[in-house]
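The following pair of complexes shares a single chain, chain A, combined with chain B in the former and chain C in the latter.
On to the complex of A and B.
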């Protein structure tokens, strides 16, 4: 019974195994990235960036159809261009970074959807917007795995300046010049993960596997290290459970993964040990000291 | 030993308006100096210039083994995000940045040093506490522990005893005295003149322009203090270009 529910779908069907490998790899990299986005108060920046990579992917699509490397390369380039330009505009004008990102991602989304609608079919558009987690080919799996590996190694390398820039930017400036480069490297990792997520879950849901586990993890840990591990754990659990949910109920698989992550988030808000609502309502008797 | 910092006709300010005007002089090595002056006298501005956060409008600072990264600096309002999920131990250990950098491991000796620093500020047992749970005084003790680990030859403290109770200030003042005994150069902005007279051998009285700089007893005369109050007039929107030759 348990075998039928939990294991059989993956044992019997190769596309399920591929999908599982894809979402697990994706969740391992995206969760920790999400934690840092949240702590840097950039939770919505991931969303904006996800839309910003669309025109790049669309131009890749225009040039060579549903080709992995053209679309991923286009997405990466577009993501970097938007991240850097938004950063530059924020530093050289009165506009804050989130405001200039908001302007850029709306323009990008419009450009991307226009290109794909005019050049391709509605199926292509759905593919781009919602991804195809059940049809991951070898190259895409490899791309996701490489991106996740690069993400984890990269985060380890820039961990100290990244943490310190969130908690005490003044002190970081006084001891090191690593803050700026670390921020740029971090934004590059965000783009990398969105490009991965884009193939599996589509541009609209790619951010889900990044942010939902991260904000849920906030309710379970007081320490950033623990939070990073919990986020990766919640992400992989959502991937596994979401694929099963989709298999057994016929729900579309990408949204199913995000729905499970959403359910875990809702549960965490209510029952999370660190500041969850239920614990706040019934805190128990106060301690002696 | 040469002075770590020498000010040469230094003018610092914002939007071309000077906040510290034509400061000359040298910070003696191993000295313990108080910077005294009314609010708006340019004390914080001077410190920002010393640690390189503010470029001089005119004149300059000559540095001898006191590059900005060699200075331990405690700002008046540390821009610490207190809601950030990090514990006291990890935050204090960031004081090792200069010796350990981006990638250096924290070894047995470093852990001992961190424990000693926490012990010296009276925060033993607080290692695993999230920084958001600290009181104002404990927060300041934690920042002093980080300063201890920075092990800098030049230490700058911007109003370190503000909004701190008597016992905490006494404990932290003992650390400052300790640094002085170890022949480190310490400069601190302070408002409590009695404390300055008892513990700080030299004083810089600032009122946008330096009023006096030297031995505390000679600087903190009633006459000088009145002069400082009078000179500390407001930032004038219509001010013309300064005529003193640079």
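On to the complex of A and C.
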């Protein structure tokens, strides 16, 4: 019974195994990234960056069809350009980073939409918008795996300056000049993860698997390291449960994954050990237990 | 001179919707997408200038009109659409363009295949339920904005396109009575060609062994072909090409392919092929080629006209299912 529900779909169908591998790899990389975005008060930046990536990917698609490398390359270039210029402007002018990002992603989006319309085709671009987690081929899986590996290694390298900048940017600036480069490297990792998420789940849902586990993890730990692990755990759990939900109920697979993550978030808001509503309302009773 | 012009202009305004405001002697017809445009071109011949709103190789399900399209519609003498809810964007476009041209629904009088659910995720297995339900579409262009309860892909049956041709002929005669003889002659010739095509399809399908008449496609566009000619189609996506597949759908199709030992899966010209390729890899079925469902190709492609499209699909099916 339990085997039928939890294991059989993956044992029987290769596309389910591939989908699982893709979603798990994605969640491992994206969860930690989401934690840092949240701590830096950049939770919505993921959404903006996803829009900035989209036109690049669409241009790649128009130039060479459904070519993974053209689309991923276009997305990466567009994302890097927006993240870099926004970061540079934020650091050299009065404008805050989110404000300059807002400006740049809107420009990027407008450029993309214009190019698509001028090219005059409207092949089903919705499939570009919403990735196909059920049709991951070898190249896409490899891309996701490489991206996640690079993300985790990269995060390990810039972990100290990144954490310091989250907690006390003034102190970091007084002892080291690593803040700026670390931030830019971090934004590059954000872009990288969105690009791989875009191939597995689609742009909008890529942001979901990045942010929802992270904000849910906030209710379970105060320590950043713990939060990172919990976020990765929630992400992988949602991936697994979401695919099963899609398999058993017929819900579209990408949204199913994000809905499970959303349900975990809702549960965390209510019952989370750190600042969850129930614990805030009835502290005494829970302390007794 | 001026007076004469004014009178001529008055005459044109007075007879809007009936007589054609002719430009360069040609009736300006706007067709919603490439297949309708092809039928109009054949029936209208020299007397009409046809524009297709959705370009060849593009997907009418996700079409979004540009201002230039509104101008084209605004200048049209006659608008021909498929109907059955296929062109959900058309009402707003016609309204926005201020066009007063009559909107002709090409599927009028066709037995529509009912779908079991809106945007069905490919639950239909080709033989579709054929209720004898006449679709008495009113002359107004008010129809469902999305795929309603009827499957709009009626042109996949050649018999239905013969109805399209008759509807287009009558509409052209109403819009341009002077051309009556020409339209009738063109329509007669075209109907003859379609009749021959219909026979050709029946003969070819009859040669395919019965247990091999099962195919998998990307979106559910071939129910009419299936019902008319006795093939079974299974689709990954529902009627609308933009609907997202669920793991359940994909698993069901893979199980079906394995169970019935289906030999070939087919791609379509307008949509994403990754899902179908994945299914082929997983089941060992071959990629049978590309079927043209909702759009013709450009002049240089394998399906520049409707008749070419059906022939191409037929040859593709034959070579994949007979080998």
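Keep this in mind: the second predicted complex is superposed on the first by the 263 of 289 C-alpha atoms of A that agree within 3 Å, B and C clash if a C-alpha of one lies under 4 Å from a C-alpha of the other, contacts with A are read in each partner's own complex, and residues count from 1 in each chain.
The rule is simple: a contact is a pair of C-beta atoms (placed from the backbone, for glycine too) under 8 Å apart; a residue touches a chain by one contact, two chains touch by 3 or more.
Everything numeric here is computed off the predicted structure, so don't read it as measured data.
By the touch criterion defined above, A:135 lies against chain C but remains apart from chain B after alignment on the C-alpha atoms of chain A.
Shared-chain residue A:14: touches chain C; no touch with chain B.
One of chain B and chain C touches more residues of chain A, and that partner is C. In the superposition on chain A, A:85 makes contact with neither chain B nor chain C. Applying the stated contact rule after C-alpha superposition, one finds that A:249 touches chain C and leaves chain B untouched. Contact with chain B, but none with chain C, is seen for A:175 once the two complexes are overlaid on the shared chain. When both complexes are overlaid on chain A, the residue A:237 reaches neither chain B nor chain C. Of the two partner chains, chain B is the only one that A:221 touches; chain C does not reach it. Once the two complexes are laid over each other on the shared chain, residue contacts for A:67 go to neither chain B nor chain C. Looking at the complex, you find that chain B touches chain A at residues 51, 53, 68-69, 71, 73, 75, 78-81, 84-87, 90-91, 94, 97-98, 101-103, 130-131, 146, 150. Those residues of chain A that touch chain C in the complex are listed here as 9, 12-16, 18-19, 66, 117, 120-127, 130, 132, 134-137, 243, 246-256. On chain A, the positions that touch chain B within their shared complex are 39, 157-158, 160-161, 163-164, 166-171, 173-176, 178, 218, 221-224, 227. Residues of chain C that touch chain A in their complex: 54-55, 57-59, 61-64, 66, 121, 241-251, 254, 270-275, 277-279, 281-282.
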